[in-house]
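Structures incoming, each one as structure tokens.
Okay, so chain A shows up in both of these, paired with chain B first and chain C after.
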Partner chain A sequence: MTTLRRLPVTAYSLWLASPLAIAMLLFFLAPLGVLGVVSFYGDAAMTQWGTLAQWQKMFDAFGLMVLADTLWLGIQVTLLSLVLGYALAWVFVRTPTSLQPLIIFIVMLPLLTSVVVRTFAWIVVLGRQGIINSALLDLGWIDTPLKLLYTRWGLVVALANVQLPLMVLPLINSLQKIDRNLSDASASLGASEWQTFRKITLPLSMPGIIAGSLLTFAAAITAFISQSLIGGGQMLFMPMYLYQQASALSNYPFAAAISLTFLATVIVCVSALNRLGSLSRWRAA
Partner chain B sequence: MARRKSFSTLVFRGTIGSLAAITLLLLIAPTVVVLVVSLTNGYSLKFPPPGYSLRWYVELLQAEHLHFAAWNSFKVAVATTTLSVTLGVGAALAIARSPTRMARILDSTFLSPLVLPALSFGFAALMTFSAVGLGVSATTLIIGHTAVCVPYVIRTTTASLAQMDPALLESSASLGASRWYGFRRVTLPLIRPGVVAGAFIAFMSSFDNVPVSLFLRDARTDMLPIRMWQDLEGKLDVTIAALSGVIIVFTFVMMVLMERATGLSQRLRQ
Partner chain C sequence: MTSRRKLIQTGLTLGAMHLFPGMSQAQAKRLVFATFTGSWEEAHRAVLVPAFRAATKSEIVLDPMLSVDQIAKVSAARNNPPIDIMLHDPGPALTAIGQGLTEDYPVAQSKYYKDLIPEAQEGTGPAVFFQVVGLTYNPDKIKTAPSSWRDLWKPEFKGRVGITNLNSTLGTGFLVEISRMFGGSESNVEAGFKALNDLKPNLAAVAANPGALAALFQQGQIDISPGNFNAIQILKARGVPVEFVTPKEGAIAFKTTIHVVKNSPNRDLAIALIEAAMSPEVQSKLMASPFLIVPTNTKVKIAGEVAKVLAKDHDDMKKRFVFQDWKKINEQRAQWIERFNREIRL
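And now, the complex of A and B:
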């Protein structure tokens, strides 16, 4: 009996995970529960409990607009970095192996560089005296500097680049797994490169597209620093909405309702994409 | 017929190739621009700078509020990394080879901070600590950072455990090695690069953390990324460009060292 229950030498007891499991329960899951409780207070001083006032306020026209705009920003950023990232990944798998580590290094450096530094870099690029404006002025294409910073497009382009490594790495992984014989066969049967791309490469790289989009989307909508510094004070997205209510206005119950709404939205989006991902893996297999 | 096909191939390759070139440029340019601007002798972030000097790096040497925040961030990151490695390696060992349902649930719980909005968690942690009467301090910062940094250690450690041949442990056991001896002499040396890579990523992401620090820090425990953000909200200071230059060079050097020691790029791609 005892020999049956004994753990094989190649495995480790599940109890080794218990310290982290307890820590996560106390310091990650319990706080999310606390948010739930706090969100039912009717007032900022937290005296009346048991009302839906904060939730009604969260889902009023203004709150819904902020939520929708945040999701829209995430979609714009994800689409742009998908186009840019896919092209890079496609070229990467056709690059000589000796050059590949260099490209990986270029992709990874921003991933590990501080997000404030990366955002700051885009402020310098997009600013009135930045590289784009001075180049356009020198070429004589414009007379006065363009307003690039604090605009929607400035924010989308900067965010797409700040999050680009998250998109490129999964794409490279899934493109590398595709058997090169498939595209050779397709070409020898007379398909153009574009047809091969649409019919073979694109469907087979779906798991990478979904994994990359998931990470990029989640990162883009929560990118507090980039949103606040490049978007400026004119644009309001969920992270700043939450921060303003919690820090500047000390309205904790309302901030808790915003927080949970944001969390739930991300969970729904991520699981929907995950679902798509497992479906496409199943079809690709 | 054949000519038309090669023309469309050319268009296709040209489009995708130039998009890829633009992407590479967009990845490199901002870093280079910051490094160049940090060497300006002027007072603005004008590119190209009117002239070059090291004055803003000298200025940085005197910026004591930045030193204070950087030192705090460093201390918190070291403690967070230590705690993340201790808890994370144990958890990775437990779940990596276990086929049980419990192990899968634990796995997705431990990795969930990677996609959930950390800002929501930072605020939730603040509420919880104040509900039990704990004021914000370095300790609360370390706890908060560990919750969001531990997934990196688990991911890289689990990946290197998956690559390890279980037959090695079986033969070590059949030769009479104890479980602990087998761990020390077989498992640990084989997973060490994965653990070190995870520790490095955890350190960098703690040092760079904004969403948790935003709520759990105060004037006594000022954190570098938050200090930089607040400085940039006020005015576009060239000292921040110099500080960015230092951070970029530091990250670059650490990445090269880690690549040599652990094959970091392979691990990040898993």
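And now, the complex of A and C:
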């Protein structure tokens, strides 16, 4: 009789998760709640509570422009990483298995270096006396050094490099799962290589594309160090806007409004991509 | 109802004290001095800490952090502050004083306070050194040394000038200085913004902070910029071709002030540390190479690189240094930063 009432061996009581739940509540949700309360102060000294002034300021034309520009930066970086990462993952699955660990090692290498170091390396690459400019000058293709550092494109390229592993790993994972016989079958039915890629490989690798894009996008828009060191002080993205208000001005109410807006936007973007991901999985199945 | 709430409160407090015994034993804490990170920490560890230990036979902990973090940590625990002594640039100092986080310095009992140059005598917390901002340039690329802030606008420096944004003391101080040069003041930077807009063709970089700006000399990204005397010395020591000159309009001097934190359990020791920081012995050592920190005590005989590049003596200092009124600057700084965000985009 008693054996029937026993839970299956794989089921654990939810109570085991309670320390984690309490930790989340105390150290994550409670501070978020405090941020929410602080954002309704009208002034930096936090004396008048209960106004929407900070939120109105966040959603004025300038605030929205900064938010949109930050998201646009994320999209640019994600697209570039996707193009580079897809090619890399494609090469990987077609490499003999004996060489694959080497490629994985090279892909992982940037993850083993600190972001600050990678960012400084890009300053050396893009600077006026950097590798690119010296090479172009030596080849005689340009007369004066090009301005690469502190430009939008310099920033996008550097961020794409820094976040590339986050894109490549999920892509490799999903490309490896695709049965090679499918492309053979497609070719034997008379499809061109391009048609096979578009109709077979691309849809089947969609979960990897979505997972990689999600990680890259979230990492690119929040990359405060790379954005400020390579983009410079004249580009304003949400992380710098937040830092400026909190750090230089001690305007905590406005900083709170910025951070909550940014958090909400990231959550919306990420869940939208996730939703796309589950749709594509459903279609692929 | 109230009595039950009180009971719960008391219960929680007792529970917390039981969990964190340190909360009730604050008086046994070691003295904590929040200095700045980087070369300031090195200098204070090498000179100020030994002097303090010799004078008091007490222990001290250096906990280097940015001004904003000092303010955040102290204001989060006003009754039992984790820091006993704060070090601030002029802007954050006013914020800390305004929030009531500091205690006035006991000036009357001080041995060294009266020897400080008048600009450094601040009752809320004396200035123990000056940070000086002048023109910095790469002597390999620019053969004739610049002599005036106006040189930054010269057409030959197209695409070679670096500045920082207004988040830093340096950036804001620079804006105020060029405003004054073009007819403005600490409360009117209209002329300064116009000048910044005119400077755009020459700008190679608007760095996010002074450290990033100085590093750009190393990359050859910029050849001339407003720069901090001490930041440049660090680069020079590493062989980067960079020189500092005092512009003829005067170098901008920021007072770096030191403050006893209100409710510090180590008040007497904190005062002893500040006395040591003002003493001519400590300030002379800090002025020597490799630290080259500009002294505020008039009993210090100015020598070495500081004498050569900045000022021969304290009278010369008054002539060659420009002090800004940060009370006025702080009133409008938020608007200026906002305006800079909107207008200075390359």
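One rule holds in what follows: the second predicted complex is superposed on the first by the 272 of 285 C-alpha atoms of A that agree within 3 Å, B and C clash if a C-alpha of one lies under 4 Å from a C-alpha of the other, contacts with A are read in each partner's own complex, and residues count from 1 in each chain.
Heads up, the rule we're going with is that a contact is a pair of C-beta atoms (placed from the backbone, for glycine too) under 8 Å apart; a residue touches a chain by one contact, two chains touch by 3 or more.
Quantities reported herein were computed from a predicted structural model and do not represent experimental measurements.
Asker: On chain A, do chain B and chain C fit together or clash when superposed?
Answerer: Clash: chain B and chain C overlap once superposed on chain A.
Asker: Is A:Ala53 touching anything from chain B or chain C once the two structures are fitted on A? First, second, both or neither.
Answerer: A:Ala53 contacts neither chain B nor chain C.
Asker: In the overlaid three-chain picture, which partner chain does A:Ala248 touch, first (chain B) or second (chain C), both, or neither?
Answerer: Only chain C is touched by A:Ala248; chain B is not.
Asker: Could you tell me if A:Ala44 is touching chain B, chain C, both of them or neither one (first, second, both, neither)?
Answerer: second
Asker: Is chain A touched at more residues by chain B or by chain C?
Answerer: Of chain B and chain C, the partner in contact with more residues of chain A is B.
Asker: With the two complexes superposed on chain A, say which partner A:Gly232 touches: chain B (first), chain C (second), both, or neither.
Answerer: Only chain C is touched by A:Gly232; chain B is not.
Asker: Please indicate which partner A:Gln129 is in contact with in the superposed arrangement: first for chain B, second for chain C, both, or neither.
Answerer: A:Gln129 sits against chain B and chain C alike.
Asker: Using the superposition on chain A described above, determine whether A:Leu182 touches chain B (first), chain C (second), both, or neither.
Answerer: Neither partner.
Asker: Could you look at A:Leu71 and tell me whether it touches chain B, chain C, both or neither (first, second, both, neither)?
Answerer: Neither: A:Leu71 stays clear of chain B and chain C.
Asker: Looking at 21-29, 57-65, 183-191 or 309-317, which bit of chain C clashes with chain B?
Answerer: Stretch 57-65 of chain C has C-alpha atoms clashing with chain B.
Asker: From the superposed pair, tell me which chain A residues show up as contacts to chain B and also as contacts to chain C.
Answerer: The answer is residues 123-124, 127, 129-130, 228-229, 243, 246-247 of chain A.
Asker: Contact residues on chain B for chain A in the complex?
Answerer: Going by the criterion above, the answer is residues 5, 8-9, 12-13, 16-17, 19-20, 22-24, 26-31, 33-34, 37, 44-48, 86-88, 90-91, 93-98, 100, 102-103, 106, 109-110, 112-113, 115-121, 123-128, 131, 143-144, 146-147, 150, 166, 169-170, 172-173, 179, 182, 201, 204, 207-208, 210-211, 214-215, 225, 228-229, 232-233, 236, 240-241, 244, 247-248, 251-252, 254-255, 259, 264-265, 268-269.
Asker: Show me the residue ranges of chain A that touch chain B in the complex, using the header's touch definition.
Answerer: 9-17, 19-21, 23-24, 27-32, 34-35, 38, 83-85, 87-88, 90-92, 101, 103-118, 120-125, 127, 129-131, 134, 161, 164, 169, 172-173, 192-194, 197, 214-215, 218, 221-222, 224-225, 228-229, 239, 242-243, 246-247, 252, 255-256, 259-260, 262-263, 266-267, 270
Asker: Over in the complex, which chain C residues touch chain A? Could you list them?
Answerer: The contact residues of chain C facing chain A are 66, 68, 71, 91, 95, 98, 159, 164-168, 171, 204-209, 212, 215-216, 219-221, 333-334, 337, 341-342, 344-346.
Asker: If you look only at chain A, which of its residues touch chain C in the complex?
Answerer: 44-45, 62, 123-124, 127-130, 147, 149-150, 228-229, 232-236, 240-241, 243-244, 246-251
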